[in-house]
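Heads up, the next two complexes both have subunit A, just with different partners, subunit B and then subunit C.
Now for the complex of A and B:
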């Protein structure tokens, strides 16, 4: 096994399992669509709430996409093969996150113009929202994969994984929505964006190592 | 292939879920030798193989490879080891050929094709593994034995779900490997007909 053959097969499998990614995307759209229907369809409510609505829906659908990231690998024994491949496990985990991130976040971003139009988000704020997603979502994946690897060997692991992971998502959600709010109020939002980037970079450093440790503990 | 390669396990002690396995187990494998690990269900045959490749951390025991103590740093051992566990590590959503390319990306198409032909998988090379039978899936995993050039083979129940013809093919391959100085450690409940093996019996 080499790093490139691993990455290639990860993309191939994600492509063959595109229904899962599509489900997460559909879930995202449904949650966002429920707010105008269920709460208030007027721009006076939707425009200020749009950032929060989109971020909460995005977090839930990303959790959905991450939850089963290791399940198949664990059951068919390929996790064991990764551990015994002689390649660096943290690096393999990093590649896995990057592949998953690309396959989930790119469709999410593509659907974003439609949804922000639906929620009356001003176009200047739209780009700030996209920036928060680009800078903040990597940390969601990095943190989420640790939880996914930790709970993969448990039979009822998915609920536990969400309980473990969600608290670590709060700071990301808070800084992301505050950046959108600040942009809407015409204030400076670069501080919040910097915090998002900092969190993603920090989790980039910590997560692959932690995920590798969790994978080793799970196959043990 | 290094002919001086040899593996020594001394005083191994594994614990699985509060149960002691293989306590005080010692054995060695010399080049050109097949070691068959025998023992009833739950005596720790699979755990022993996993402990050698560092998937399981043993409580006690020392592992020597090529005369060097590799208990703490297993890199040298893992580099020359091909491990096929009970869950064989074949991905259902990849085709037969993609699975082998994932595992052995450097082999040429000729080598790949001849391995597939050997195992009767040639007609299925573009079929997703999810639609193959258990025996065929096993053959996909075993195709690695033809494609990689590792010295030490650790095979957990390699004969399970194989038909008689498959068993013969596999035994021949094992014989060929050890005749070139390779080492094979396998667990099985089956009698080997073509390969002469030394037995290690695990007691419960």
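Now for the complex of A and C:
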């Protein structure tokens, strides 16, 4: 096994199990739909809240997508193969995040125009929202993967994983929605975007190592 | 040579016998500090000229909030020690201190709400401090839940240590993001810092109370660690001897 063959197989697995990604997307749209139905369908409420609604829904659906990231690998023993392969485990984890991020976030971005139209998001703010998703979502994946690796050996791990990981998502949501709000108010939003990027870079450094430790502990 | 004490910390037996004589004095001093600080603060300290007697809850609220944060730093440090040196005592310490930290965060939240009702007119606002203590509480609960979810002790140790370290890295980010978020949305925050500067009659009992809280919690943590050591090492001969000779 090499790094490139690992990346290839990850993409292939995700492609063959595309129903999972599709489910996460459908879940995302459903959560977004809850807000107009449950709170208020008028543009006066939805337009200012759109950034927050989309981010909350995105966080939940990304958690759904990450939650099972190691389950199959753990059950069929390929996780052990990764540990004993002699390749750097943190690097493999980094590649795994890369594959997962590409397969979940790209479709998410593709349906974003539709959803922002449904939530009456002004078109000037739309691109800011896309930018926050692009810059902020890597850190969601990196942090989430730690939780997924920690709870993979548990039968009822998914609830626990959400309980563990959601508090760590607070800062990302805060900075992302404040960037959208600042853009809506006509203020400068580059500071929030820089913070999102900084958090993604920090988790890029910390998370693969931590995920590798968690995978090693879970496999033993 | 100076690091010998640090390496000895890795031995539960050494720790057990070293810490045995510490628990009672710590708990005793802590109780005295608590009683003196609280009675002094609640009954004898002068009333605040703005808030009247309502401010007296500070003598419970502030120590609890301080401990909730201190416990988390200790937790993160122990997680780091475990990940780097695989020290046996670190997970025992984490297991002993996590529920205490959670209770302290809860006390800070509840007393804060009780204090907020008469002074701010509301039980809860999404103020930066309140929100960050709430997140802290959730972090504690996550760690406790994770620790109790595993049957395998080694795996539970590793997993909680990872979460503690990640939490320690994230704690400042969470704290400052909340501060930033809050100040962006509402100009004037209700801040504890805006209270008039305290006179000595007011902060002295607070100091005594804080020290009492710390000592009491230190004793409690040691006590919990000792029972955890006995439980984890129940197969070893020194535990059998200890229990047979002196009982539980």
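The working rule: the second predicted complex is superposed on the first by the 220 of 220 C-alpha atoms of A that agree within 3 Å, B and C clash if a C-alpha of one lies under 4 Å from a C-alpha of the other, contacts with A are read in each partner's own complex, and residues count from 1 in each chain.
Rule of thumb we're sticking to: a contact is a pair of C-beta atoms (placed from the backbone, for glycine too) under 8 Å apart; a residue touches a chain by one contact, two chains touch by 3 or more.
Not measured: the values here are computed from a predicted model.
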item: Touching partner for A:16 - first (subunit B), second (subunit C), both, neither; value: first
item: Contacts of A:150 with subunit B and subunit C, given as first, second, both or neither; value: second
item: Which superposed partner A:86 touches (first subunit B, second subunit C, both, neither); value: first
item: Touched partner set for A:72, first subunit B, second subunit C, both or neither; value: first
item: Partner chain in contact with A:6 - subunit B first, subunit C second, else both or neither; value: first
item: Partner chain in contact with A:171 - subunit B first, subunit C second, else both or neither; value: second
item: Touched partner set for A:106, first subunit B, second subunit C, both or neither; value: neither
item: Touching partner for A:220 - first (subunit B), second (subunit C), both, neither; value: both
item: On subunit A, positions contacted by subunit B and by subunit C; value: 220
item: Touch list for subunit C against partner subunit A, complex; value: 83, 135, 138-139, 141-143, 145-146, 149-150, 152, 154-155, 158-159, 162-163, 165-167, 169-170, 173-174, 177-178, 180-181, 184
item: In the complex, subunit B residues that touch subunit A; value: 50, 53-57, 75, 78-79, 81, 83, 85-94, 98, 101-106, 128
item: Residues of subunit A that touch subunit B when the two form their complex; value: 1-2, 4-6, 8-9, 12-13, 16-17, 72-73, 75-78, 80-81, 83-86, 216, 219-220
item: Subunit C contact footprint on subunit A (complex, rising order); value: 143, 146, 150-151, 153-154, 156-157, 160, 163-164, 166-168, 170-171, 174-175, 178, 181-182, 195, 199, 202, 206, 210, 213-214, 217-218, 220
